[in-house]
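Multiple structures follow.
Paired with chain B in one complex and with chain C in the other, chain A is shared by the two complexes that follow.
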Partner chain A sequence: MEYTNVIEGKGINKRYGKFVLDIPSLEVPKGFATALIGENGAGKSTLMDILTGILLDAKGDLKYFGEYSAKDRENSYDVKNRIGYVGSKGYYFPQWTIREINDINKVLFDNYSEEKFMRLLNELSVFPNGGIDLKKKNSQLSDGNQMKTMLAGVFARNTDMLILDEPASPLDPLMRDVLCQMIRSYVCEGNGDKSVLFSTHNIADMENVTDYAIIIENGSIVESGFVEDLKEKYILVRGDAAQQEAISQHLYTVTASQFGFSGIMLSDDLDSIAGTGVVTEQATLSQICVAVMRHNTKLDYCPVI
Partner chain B sequence: MLRDIVIGFKLIKHSNTRKIDILIIALFLCIGVIVEISGRGLNFLGGFYIAASILCIYEQVEKVAVFTLVQSSGLKKALQTVIPVVTSFVLEIFLFTLLLIERIILINMYPENRAELLKSLFMVIVILLLCVIYSTICMKFYVVSTVIFVFMAGALSAIGNMELFRNSMSLPLLAAIGYITIVVGAASQYLISNLMYKYSFSKFVFRRLVK
Partner chain C sequence: MIISQSSGEPIYKQISDQFRTDILEGRIQPGDMLPSIRSLAKELRISVITTMKAYEVLQNEGYIVSIQGKGFCVNAQDKEMLREQHIRMIENSLLEAIKSARIAGMSYKELKQTLDYLIKLDEEDSK
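So, the complex of A and B:
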């Protein structure tokens, strides 16, 4: 597949005490929805903060839209105007009212539509009884409604890229589905020019909107690629205990129970297990991500047999 | 740049701590003016409180920049560099000119206090310089810069070479020193704010605002 990158990074490095984010090479393809996946503390938010220019003391080179450097991003309005960002911590003042949030977005961003913001607040049911309470403070909204308000703010702008840090976490399953539709519509209406990078723990819920996945563990990218390619690279196998023993050296990760096992292995190794009688299936992105994360995690609790 | 400044001031009204800050600014200004009038310009504390009110106004601008929505916008750099520098520069020039006019009047009324009046004005100049440097650093390194600022402000009382003010210092010379210090202070402030730009906001400041 031929594609260009909306963001490219080289030698990204940021140290926080003992934690080190070290990414020799980063590519976020243009015109797609990219999921940044990793366990807690893997470095997802740090990476997003670096990409949006919230963290500036990281090392490395960044290129936006194929032409702008990180310096350009800070010195001109062009790059940041084209990127919409939603973060989880300290995004809005807790005391800001809906009216103030609207006013501030209007002041900060030329490409912001007040009418679209209000419409999105309605469509996302931020106020369950209908209507919009302009005097309602951000701190008086539930976590989910705070996220919806942030999303309404960023989707009300005319941007070329969205960087969304854990947008699905505080949302209920129905709203996660709506979020997936919003992301898909955004990417589609861009005709290859609009891109989304979002981080998530809810891989299963966000799978249907993910085109490209970047899996990050312990501050490093351990896997990345288009979902279709990843699904060709990894395969799910199932079998009984005897079969598991026969193929265990080829398994990337495995989960066993009294009824048998299921595991992920590399498709390239399929020839090696021919004749063992195990069942193979296409793995879901969620299964692949969990396998890759488990393979690379530093968690002590890791039920590998 | 003018557009950035206008936007910056539009944002100030949305600052989280604006009400308490306005109260503090008003309080500092009142104390400063009262001390100046009651002390007939002899007490540098009047100038100290007036300079401190400028510091609070400067902080108002930077506080808005703490939030990640604002940090993700194109205005981030201007809010941490150009806007606060221009704001405090204009205010300092204005307030220093007022204090200078006050000194001219007081020297004419009480010529016997000339040396003390020049000395207290000189101390105000030093305080203004300290304030602008401190205000540039405190949003990024709050605790360290505050400790240093308090220590240096305390050391101000060491400025006491009255002979200098009695003999060789004239009001026009001191006025020139004052204006040059404000210009140099603003230039230093701009330089330091650009150097500090890459550092994240002090966690202390962030927690205080986000609570």
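So, the complex of A and C:
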């Protein structure tokens, strides 16, 4: 499959005390929804802050839309206009009202649609009783509604790329579904020209909108690729205790109970477990992510119940 | 088109299977355009890459062709090939039946009798 990248990164490096974000090579494909997946503290937000220019002192080279450098992004009005960002920390001042947020967006961005902003506030039911309270202050909104207001603000602009940091976290399941539809519509209506990069630590909710996955663990990318390719690379196996013993060396992760086990392994290793009679099926993206993360984590998993 | 998230069958396969059936049974005619990858993804609420994979499977099997800048259209089907495909589908169904018969402890003779009986029933129905 042929594709180009909307973001390319080389030698991205940022150190915070003991934590080091070290990404020799980064690719975000153009025209797709890419998920940045990792545990809390894995470096997702740090990477997004570097990509959006919130953090400016990281090492490395970045290229946007195949032609602009990080310097161009900082200095060019045009590049900034094409990128939308929503962060988990919030950037509308607490005392701003909905009216002021709308006015400021209008001043800041060329291609901002007031009509779309209001429509999205409705679709995301920021005001559950209908209507829009323009005098409502940002600080009076719940965490979820503050996130929705930021999302409405960024989706109301005509951009070519969205960078969304943990957009789903403060949302309820119903609104996560609406968010997925918004991301999908954005990518689909862009007809190959619009891309989304979003981070999440809860991939199960976002699985059906994810085209490309980047799994990050302790500051490094441990796996990345198109979801359908990852689903061919890894496979879910099930069997009983005896079979588990026979193939344990090939398993990335195992969940065992007294009735049997299920685990994730590389499809390439299937030959070496032939004849053991285990059952295989396609893994979901979340199962693959958990397996890859556990395989690479430095934390010791000892669940205490 | 019906997509099940929990059937255990990969979603791309569910899509390609349904299009294949529609093509083989003539519901979609040679020359007809398939929905664009992105509009189908939006309609079915699945990721773009999954739809791409479904179309790739159909393209590799020769059911559809990509037309530069326009999308995918149903390939002119070879009558011989269509028949071959149908025969393969029949063989697969019969193999399933044989497997089930073995599990149920049914003899081949009984299985054949069942098939004869079903054919007879079907003939009576269609009269």
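The criterion applied here is as follows: the second predicted complex is superposed on the first by the 300 of 305 C-alpha atoms of A that agree within 3 Å, B and C clash if a C-alpha of one lies under 4 Å from a C-alpha of the other, contacts with A are read in each partner's own complex, and residues count from 1 in each chain.
Heads up, the rule we're going with is that a residue touches a chain if its C-beta (ideal position, glycine included) is under 8 Å from a C-beta of that chain, and two chains touch if they have at least 3 such contacts.
The structure displayed is predicted, hence computed values, not measured ones.
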Contacts of A:191 with chain B and chain C, given as first, second, both or neither: second
Which superposed partner A:109 touches (first chain B, second chain C, both, neither): first
Contacts of A:228 with chain B and chain C, given as first, second, both or neither: second
First, second, both or neither for A:74, with chain B first and chain C second: first
Superposition-derived comparison: chain B or chain C, residues of chain A touched: B
Chain B versus chain C as contact partner of A:282, first or second or both or neither: second
In the complex with chain A, residue positions of chain B that touch it: 7, 10-11, 14, 16, 66-77, 197-200, 206, 209-211
Contact footprint of chain A on chain C as seen in their complex: 5, 8, 10, 12, 38-39, 41-42, 45-50, 52-53, 56
Contacting residues of chain A [partner chain C, same complex]: 1, 31-33, 180-181, 184-185, 187-189, 191-192, 208-212, 226-228, 231, 281-282
Residue ranges of chain A touching chain B (in the complex, touch as defined): 52-57, 74-81, 83-85, 87, 89-96, 100, 103-105, 107-109, 153
